[in-house]
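Below, chain A partners chain B and then partners chain C, in two separate complexes.
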Partner chain A sequence: MIQQPSQNDLLVGHGRRRLRVADWAIWLVLLCLLGVGSLLSDSMLRPANLVNIMRQAAPLGIAALGVTFVMILGEVDLAVGAVISVSAVLATSLMQGSSANLFPAVATSLVVSTVIGGLNGSLVAFSRVSSFILTLGTAIFLYGCTQILTGGMAHGTVSPGFREFFNLRLGGWLPVLVIAFLLLALVALVIQRTSVFARQVYLIGANRRTARLSGLPIERTIVIAYMLSGFFAGVAGLALVARSGVSGSLAASGYEFDVLAAVILGGTSFQGGRGGVDGTVGGVLILTLAFNLVNIIGLNYHSQLIVKGLIIIIASAAYQRIGAQQGG
Partner chain B sequence: MKRSSSLMVIVALAAPLSFHSVKAQGTLDQQQKQAAEMVDTAKFKKAPPYTIGISAGYMSNSWVVFSLQNIKYEASLHKDIKDLVVTDAGFKPAKQVADIEDLINKHVSAIIYWPVDDKSIEGALKKAEAAGIPTVNAGGGFTNAPGTTTNAYISQWDIGEKAARQLFKDMNGKGKIFAMLPIAGHYASVDQLAALQSVMKEYPGIELLSAQYGDWNRAKAKQITENMLQRYPVINGVFSPSGQMSAGIVEAFDEAGRIKEVTFSPADEYNGWLKDVAKLSKGGVVTFPTKVGRDAVELALTALEGKAVPKGRLIPSQYIPAADAAKLAQADKSDDSWSNTLPNDWQPK
Partner chain C sequence: MRVHLHNHGILLILALIVVAASLGVPGFFNADNIANVVRQSSVLVLLALGQTFVVVAGMIDLSVGSLVSLVVVLAASNAGSEVLSIALGVGLASGLVTGLLVNFLKINSLVLTLGMMTIINGMVFVYTEQSIGAPAPWLVSLANGNIAGIPAVLPLVVAVAGVCHGLLQHTRFGLHLQATGGSDENARHAGIRTNRIIVLSFIANGLLAGVAGLILLGRIGTGYPNAGSGLELDAIVAVVLGGTSLRGGRGSMITSALAAVVLSLVSNILNLLEISAFVQMTAKGLIVLSVVLLNQPPKRAFA
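So, the complex of A and B:
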């Protein structure tokens, strides 16, 4: 009698895959880009510039961590930019320039962002509408709500100490914001590598039909993935406030496209079942580095757009090629 | 080898910048001439009460929010104005076309608008005029395109020139600067850059390191400035007439520990910038008055009375030194607020 692999066997098998060169491809591409940058500008490899890049990458990177899980599932979250905006605007409005309001404001922003993610997940999981359309609709709805609530203007002032804390440099060089980003990336990586939830995400993303037949909790997994995406978007909103305050009611409008670009550049596919937060972090850094590079080599604006686009195309192609050669 | 290659690429790609100055100067002279022409509005004459339609290209911008409040306030002072109907295109040109057509169908008396894209709404504005509805551009810029009866405008050239002159004066006429402009290709960027380059001819000791585009976005301006600080070990001044972007630029310099070495040009009345002026005691203001909304209402009413209006009414920008500008800062209000002359009851909520 042929013994069918148990659900546990399927889940355990995933975590034991050996690391291959393909898994490091994105970092090889990043290193090459840094190398090219160093040939074009003396500033590229200066520690101050490298820290600069990490700091600039933080809000985008944090948001991209959550979206990665959604995309591994084979879904998409186009509401991420709207959730970041809601989080940033809500936090500042609640802080009202008072230290006493800091933690309630942060907590409320994160709870609201996570709940929005959960609602998105529920709609995706239990309706037959594509996540692309659903989350696009949610994004428009949220932008509209933000506009109504704010009247088109960001209200409130940041609590004293909030921005100063995140801009503090440990050892005189490493911003707390960068440490926060790296810690969150580590948390996301641990979730990805060790949790049953993440293994379910990969299996469902790889083959939903098989996953359903295997008895995996598909709807619950989708809802949790979207809640994670909402939570990380909420944190990204707070990171945006820490970086540059809130200068408008649509603070992160357009971010969703940068987030998607970073996640896909990092190797996570729209089809699902593959990719990971490690690749996403690499993708975020490549995107941020591309912007940094065109600024510091002194190109004019129009040329910057061309070169930035070329960097993204070449980086993506190189990554895919290395991955293909290694059987990834 | 690497530097000469980079230099060749930079020179080749920077060449188009030189054309902006000539084009903007020609446009400025033409603009002033066109603005002075009087427009016969006899065909728009109608008896009160009036309903004024407002076609907003976008509302998610605090300057626009304050400008709209100015419109509402001015309207409240005229008993002939019965109602205001406001539409928001949300940055979508096609939606603004539809909004204007809706306002025409609602038989509004006049339309005040600020465009997402001038060209795309031209047809709709022509329909409005054909229907006997005068149109007033209140977006801060000037257009002589068909369909726009008159403009309440602010001269971006004037702003740029005032900001540049004050900056170079504060720098004692020498040093290295970079320019932070709004959106690439937008008339504000073209005119500001042209004005800057024009004033620079009188100050040969000033060197323009780079012109960047921050999209009127504080976070983006900060990010670009952080990169500029890595590229250029010496930056003596920053030309940035936009207060929102200047606030981001100040943060970047401050976090890099280079705030003391730089002089900032005056910028507009954005509260985040005013707070920086108060803190640093430098910079100042060249106003970008939100009261343009009030002038737009006055022009609309004049047209509805059948009296001739100028093609463009210039709302002048004023320079306010740092010491006086600091008093305009409202520490208890959001950075996203604007210093203005509205009564308290009419401040945006």
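So, the complex of A and C:
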């Protein structure tokens, strides 16, 4: 798909994607959901509940930040769920319940996750096979590896202080895990807005052929985007451990599709070339808030699935419509 | 339709695996085990055939696994005479809805069918949280019995594969399907009703998933709500291993079916070698990666 500058971009003047209705829509939807929630339950808007939603959203949200760059490129990363599992299992296995092992364990998890991302990126960049099937292949392989490592059961012991640190509530209400999520989102946003790398990601995603003819480093950009995706998935694995304290080998099985749904809800499309991490944060919050709402209404987990499916379809259709109207 | 060199890759792999396993794996090359492989692979072959219609149209359908689960639980809890119409009805309805939504909402089929998958999974579990009912006797004999010494599913699956192959390669529908997948816009300019073609491809996939659900129910013997979980990805893997490009526009029913047989063969052999399920998963991932990388589609001028 070729990205045309939309009429709005021209009217706004500085030609940035930031000020289109599509970028605001996600926050309006979030506000509406919060409004509906506050009608249904008095406790909805209490800080404790809002903070709790953020805490629930953290692992999914952190992983979705990295995947956003891959999807702006017009590719997809189905291995994030598996990388989250690898990171979580590695971290707890290496910690062995001792605080002396904490930093080596965290560092190893992050390095391994980033390297896996780099390998995925190289496969995608240097072959003609679709990233869908390549990352599906690595996902199956990695899930097998984590199962071999753990024997299929919850495994390892978290270092003392690790969970306590992330669940520590600053000022008595704001958990460190939430702050970590927000900080990482900020880092991703700074990368997206200011780096040459991000500019190349958008251009390559919008029109790969033009980007190649213009001499942009396509292969290198793809590999870096997947490394970012791997790194953020690694952090998400640590966040999962911090939240739940255990790491089963299939801890994050199925996460790849939740991540995909959140990124798409946030306005990043499969065609590539548009979207961004700010929208992704909104998408993650909407998804988590919607589950929270369904819980408040008292529907069970299975009905939540139906609601989740409807949200995915309706939101994507809405974006498609807005995008078409704006010529983007 | 020209025969591409890479289409023969999967046949070569199949032959190599059969020869190597016959020589090296005790208990592989005997009538009972071969019949077993045929029965095991039948469900995946049907799903791979169905997915090929959708992939050739340039789309992807993630909802078939959940659709199989839905057919399994519905068919297990209803009378034997009704199950065929239930399975075909559910498949038809789901394919129709997905196809219409792809056309009207104009959203990516991966996202749409991800939503459909989630919704149908929810419906399955709202219907039942645990295994219910049992397959009708005729399903059990279809899935596990023999006719004239060969597995009863074999003639069914071969006939279905033949019909699908004929539809794709030798009918106007097949031609239009390939044109639509190649370039939706060009096909429309050429007067092809691409919307209708896309709906038909999803319906074909839904119907085949319905039949696959019935056979799976006959094999597992109970209405297990997670029965179809993950099958959609296996079907897509089979289609791609068969050399059909996810870009759409071309593909082969025969190689998709052969690739589904290869996947089942590999798991049969690893089972005979008593290799743990965990190692099998790792091996499967490696096989997918190496086959797609070795068996790449021919280079195109653009990308």
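Basically, the second predicted complex is superposed on the first by the 278 of 328 C-alpha atoms of A that agree within 3 Å, B and C clash if a C-alpha of one lies under 4 Å from a C-alpha of the other, contacts with A are read in each partner's own complex, and residues count from 1 in each chain.
Criterion: a residue touches a chain if its C-beta (ideal position, glycine included) is under 8 Å from a C-beta of that chain, and two chains touch if they have at least 3 such contacts.
Because the structure is a prediction, the values reported are computed rather than measured.
Trainee: For A:Arg128, using the defined touch cut-off, is the partner it touches chain B, chain C, both, or neither? Pick first, second, both or neither.
Mentor: second
Trainee: In the overlaid three-chain picture, which partner chain does A:Cys32 touch, first (chain B) or second (chain C), both, or neither?
Mentor: A:Cys32 sits against neither chain B nor chain C.
Trainee: Which partner does A:Ala100 reach: the first (chain B), the second (chain C), both, or neither?
Mentor: So A:Ala100 meets neither chain B nor chain C here.
Trainee: For A:Phe291, select first, second, both or neither according to whether it touches chain B, chain C, the two together, or no partner.
Mentor: Touch partner of A:Phe291: chain B, not chain C.
Trainee: For A:Leu170, decide between first (touching chain B), second (touching chain C), both and neither.
Mentor: A:Leu170 contacts neither chain B nor chain C.
Trainee: Is A:Ile312 contacted by the first partner chain B, the second partner chain C, both or neither?
Mentor: Second partner only.
Trainee: Check the residue A:Phe141 against both partner chains and state whether it touches chain B (first), chain C (second), both, or neither.
Mentor: Touch partner of A:Phe141: chain C, not chain B.
Trainee: Going by the contact rule set out at the top, does A:Ile264 touch chain B (first), chain C (second), both, or neither?
Mentor: It touches chain C, and chain B stays clear.
Trainee: Please work out whether A:Ser303 is in contact with chain B alone, chain C alone, both, or neither, and reply first, second, both or neither.
Mentor: Touch partners of A:Ser303: chain B and chain C.
Trainee: Would you tell me the residues on chain A in contact with chain B in one complex that are also in contact with chain C in the other?
Mentor: On chain A, the overlap between the chain B and chain C contacts is residues 143, 147, 151-152, 301-303.
Trainee: Going by the contact rule at the top, pick out the chain A residues touching chain C in the complex.
Mentor: Residues 123, 127-130, 132-134, 136-145, 147-148, 151-152, 208-209, 257, 260-261, 264, 269-271, 301-310, 312-313, 316-317, 320, 324.
Trainee: Quick one: in the complex, what on chain A touches chain B?
Mentor: Contact set of chain A toward chain B: 39-41, 43, 46, 48-49, 52, 55-56, 92, 97, 143, 147, 151-157, 167, 240, 243-251, 253, 291-292, 295-303.
Trainee: Of all residues in chain C, which touch chain A in the complex?
Mentor: 60, 101, 105-108, 110-112, 114-123, 125-126, 129, 233, 236-237, 240, 245-247, 276-286, 288-289, 292-293, 296-297, 299-300, 302-303
Trainee: Chain A touches which residues of chain B in the complex?
Mentor: Result: residues 2, 6, 9-10, 13-14, 16-17, 59-62, 64-65, 88, 184, 210-213, 217-219, 222-224, 226-228, 230-231, 244, 247-248, 251, 255-256, 272, 332-337, 348-349 of chain B touch chain A.
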